[in-house]
Amino acid sequence: MNDLLKKPRKVYVSRTIEFNAAHRLFNPLLTENENCKIYGKCANKHGHGHNYLLEITLAGIVEQKTGFLFDLKELKAILEEEIVNRFDHRHLNHDVPELQDCVPTTEVLAVLIWDILEERLTSITNREISLHEVKLYETGKNAVRYLGE
Amino acid sequence: MNDLLKKPRKVYVSRTIEFNAAHRLFNPLLTENENCKIYGKCANKHGHGHNYLLEITLAGIVEQKTGFLFDLKELKAILEEEIVNRFDHRHLNHDVPELQDCVPTTEVLAVLIWDILEERLTSITNREISLHEVKLYETGKNAVRYLGE
Amino acid sequence: MNDLLKKPRKVYVSRTIEFNAAHRLFNPLLTENENCKIYGKCANKHGHGHNYLLEITLAGIVEQKTGFLFDLKELKAILEEEIVNRFDHRHLNHDVPELQDCVPTTEVLAVLIWDILEERLTSITNREISLHEVKLYETGKNAVRYLGE
Amino acid sequence: MNDLLKKPRKVYVSRTIEFNAAHRLFNPLLTENENCKIYGKCANKHGHGHNYLLEITLAGIVEQKTGFLFDLKELKAILEEEIVNRFDHRHLNHDVPELQDCVPTTEVLAVLIWDILEERLTSITNREISLHEVKLYETGKNAVRYLGE
Amino acid sequence: MNDLLKKPRKVYVSRTIEFNAAHRLFNPLLTENENCKIYGKCANKHGHGHNYLLEITLAGIVEQKTGFLFDLKELKAILEEEIVNRFDHRHLNHDVPELQDCVPTTEVLAVLIWDILEERLTSITNREISLHEVKLYETGKNAVRYLGE
Amino acid sequence: MNDLLKKPRKVYVSRTIEFNAAHRLFNPLLTENENCKIYGKCANKHGHGHNYLLEITLAGIVEQKTGFLFDLKELKAILEEEIVNRFDHRHLNHDVPELQDCVPTTEVLAVLIWDILEERLTSITNREISLHEVKLYETGKNAVRYLGE
């Protein structure tokens, strides 16, 4: 089976999920004025929110037996446990311990998601699969990619 | 000019804007348990948020002179003043006086937006233009339409 | 609470789900030639498939206590049970008993989904909520709406 | 066949196409200043352009024999001939005779498309199918609907 | 002409097409139980289907005379002949000879499309244009990229 | 603050904007026939137009103090001044001096936008931020990427 896979083929598989969260961009080490200048209305006291769209990409050689890079049912379960449970319907400044000493910008959130998934995936894969990219859309117009560099 | 408009033509013109806001679904007249049962994780204490997409539709006869139903530059300015200024980058439960005695569900928000725009548009249009519909998407999967009934 | 709802407000609430299915357009009462002429490549023997996008719209008065028209958690469960379980990852011609005597066009599928949901919703709602519209997208370019008429 | 269609079922079938065109909003019966005030940068001398998205909706009873409201292959051919050939890769002010005495706003264009398709469809359908709606998106944010009223 | 192209400029040009197909994920060399465990409901006997979205990217130096990397009319014709004719409105397991010894996962399909287009493009281009990437979306949430490695 | 950023983190931040423009693909150094053969209906005399979607990507290390790669308010102002003012609601062949000796294909336009933004960004950034990619969609189906190579 899967004659096309007799030669090793490196693919990039992406899975997209959504979570809805509130956040406030405010650095307590800076003055009110500095925060206002840097973050504008994103520094409003009670926060605002977004429908975050998260695209996770794994890279590796397609498995000849299954034709899969990675079981998407398993990836879905991991993303549910690590990402949705942690961020969905939360206020990022108040409800996420990992962000306590951070301003929860899209950049910082993308980096945190990478760290969480990198650790989790390393612990479970025995084949050569790697986390390739975390892409996080804050809105349809703004997105941040992090590749672990 | 505009020969096609010699006969009156009733059209529906839609304009879409976006605002990003936080909210919490929680009714203080109910117990913690009741809130949890009704609103689930939408009742989480510090709130969560959305990229709200709002589609406003006006209805009326196209003006023969301009070929417009309504000047979209003017509509854009009204939406900026009445909607974006009021809701964008806000926490709906804390920052919007009109929602103080409400649970800010998508239904309630759509009704409030109708009331605000209906009053504003009535005050400025001397031709026969009416607000036809407010459609508010909370996410790509959930939307509420209100037509003033 | 919900002062905006002291006056009854009729809203339309939409929820969108997706299911992936195969189908073949072929009427066994017609000849091979007639089928080919009517259905073109949609009549190919083993079928083809689509990511169907289904938008269900309910209509009624917003409930003053909750600010909801209908509990979307409950609607989601109904759609999972009645629609996803029945159609998702199925071949509509072989696996759906209700379609045995039908050519599974988008029109027919939209009508069937209406009949299924209309019956189910009638049995559970004691407030005045009605199924307003079933909209089914076969592709991003083709869609059918059915309103029960 | 098509047991679900023993009862007459009225559906609305939509088909979406795209065309790319240039236009300039300018009324020669008005002064340069008036044009500038009404149309802003849309009055720039050489015009600008859009990827127009057009959604045509037909309404009628589903045919029991085919399960179709209307053969989409035929509708596609009509839209190709009447719409794409006429508007695609054209400058609406210079290349479309039907728009010679018009300012080619989205409103006017939607009305013209209705008139063209209404006449064409009337000439070919012997069953009771009617043109229900023309919806024209100028951008993702602006759209006009015309229902023949 | 094309002064901006006096310096060689390497660009990546993408073209997106859609095809609608059915497939079943099932490896006959494995037991029914193993298939069920690996592929879940994707192993259902008669298959299911998708609206596949395919984005082909070519890379190379823009031609100074035309301002094009590659004639998109020609690329469109190639994609029509090699991809649409082969996969559209087909059941991948039954109708595509190249997939006879494969489980038609998105990974395998992306690899096959690369092999087909790579061979075809090599045979026709005398300038330095290369196939850069095949990106295949099975749904809006799942995608596979293959770059020929 | 921003403990996650103690280690340098290289991110890619993208911002998307839209502009609406007309263009004609025609090389005056070639004959009418050659133009017609190369550009087809894109060579029509008065031009046609598009809703261009432009995605700009910057790359660099996230700043520890702000959690930002680059202030998006500032990027927005630059894009407004350099891109929207220059291209929006223009006819690219007539109104953009930088394109006078070019055929305004998507490839050429992407290269020009790179050159404009590269120069502007170099003049203002003292931290190590670089323009990484210009991606320009002419339609939903066609896009060109340029990375400065």
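Residue numbering begins at 1 within each chain, and the chains themselves are lettered A, B, C, D, E and F in the order written.
Keep in mind that, in the parts below, contacts are C-beta pairs under 8 Å (C-beta built on N, C-alpha and C of every residue); 3 or more make two chains touch, one makes a residue touch a chain.
None of these values were measured; they are calculated from a predicted model.
Asks: If we look at chain C and chain F, which chains touch each of them?
Replies: D, E
Asks: By label order, what chains touch chain D and chain F together?
Replies: Joint contacts: the list comes back empty.
Asks: Would you mind pulling out the distance in Å between where the CA atoms of chain C average out and where those of chain D do?
Replies: The separation of the two C-alpha centroids amounts to 27 Å.
Asks: Can you check how far apart chain B and chain F are, centre to centre, with Cα atoms defining each centre and the answer in Å?
Replies: Result: the chain centres lie 33 Å from each other.
Asks: Give me the residues of chain D that touch two or more other chains.
Replies: 140
Asks: What are all the chain pairs that meet the touch criterion?
Replies: Result of the pairwise touch check is A-B, A-E, A-F, B-C, B-D, C-D, C-E, D-F, E-F.
Asks: For chain B, which residues count as touching chain C in their complex?
Replies: 25, 27-30, 38, 40, 98, 101-108, 110-112, 115, 140-147, 149
Asks: State the interface residues of chain E toward chain C in the complex, per the touch definition above.
Replies: 18, 20-23, 41-42, 44-51, 88-91, 93-95, 139-140
Asks: How about chain E: which of its residues touch chain F in the complex?
Replies: Spelled out, the residues of chain E in touch with chain F are 1-5, 9-17, 57, 62, 65-69, 71-73.
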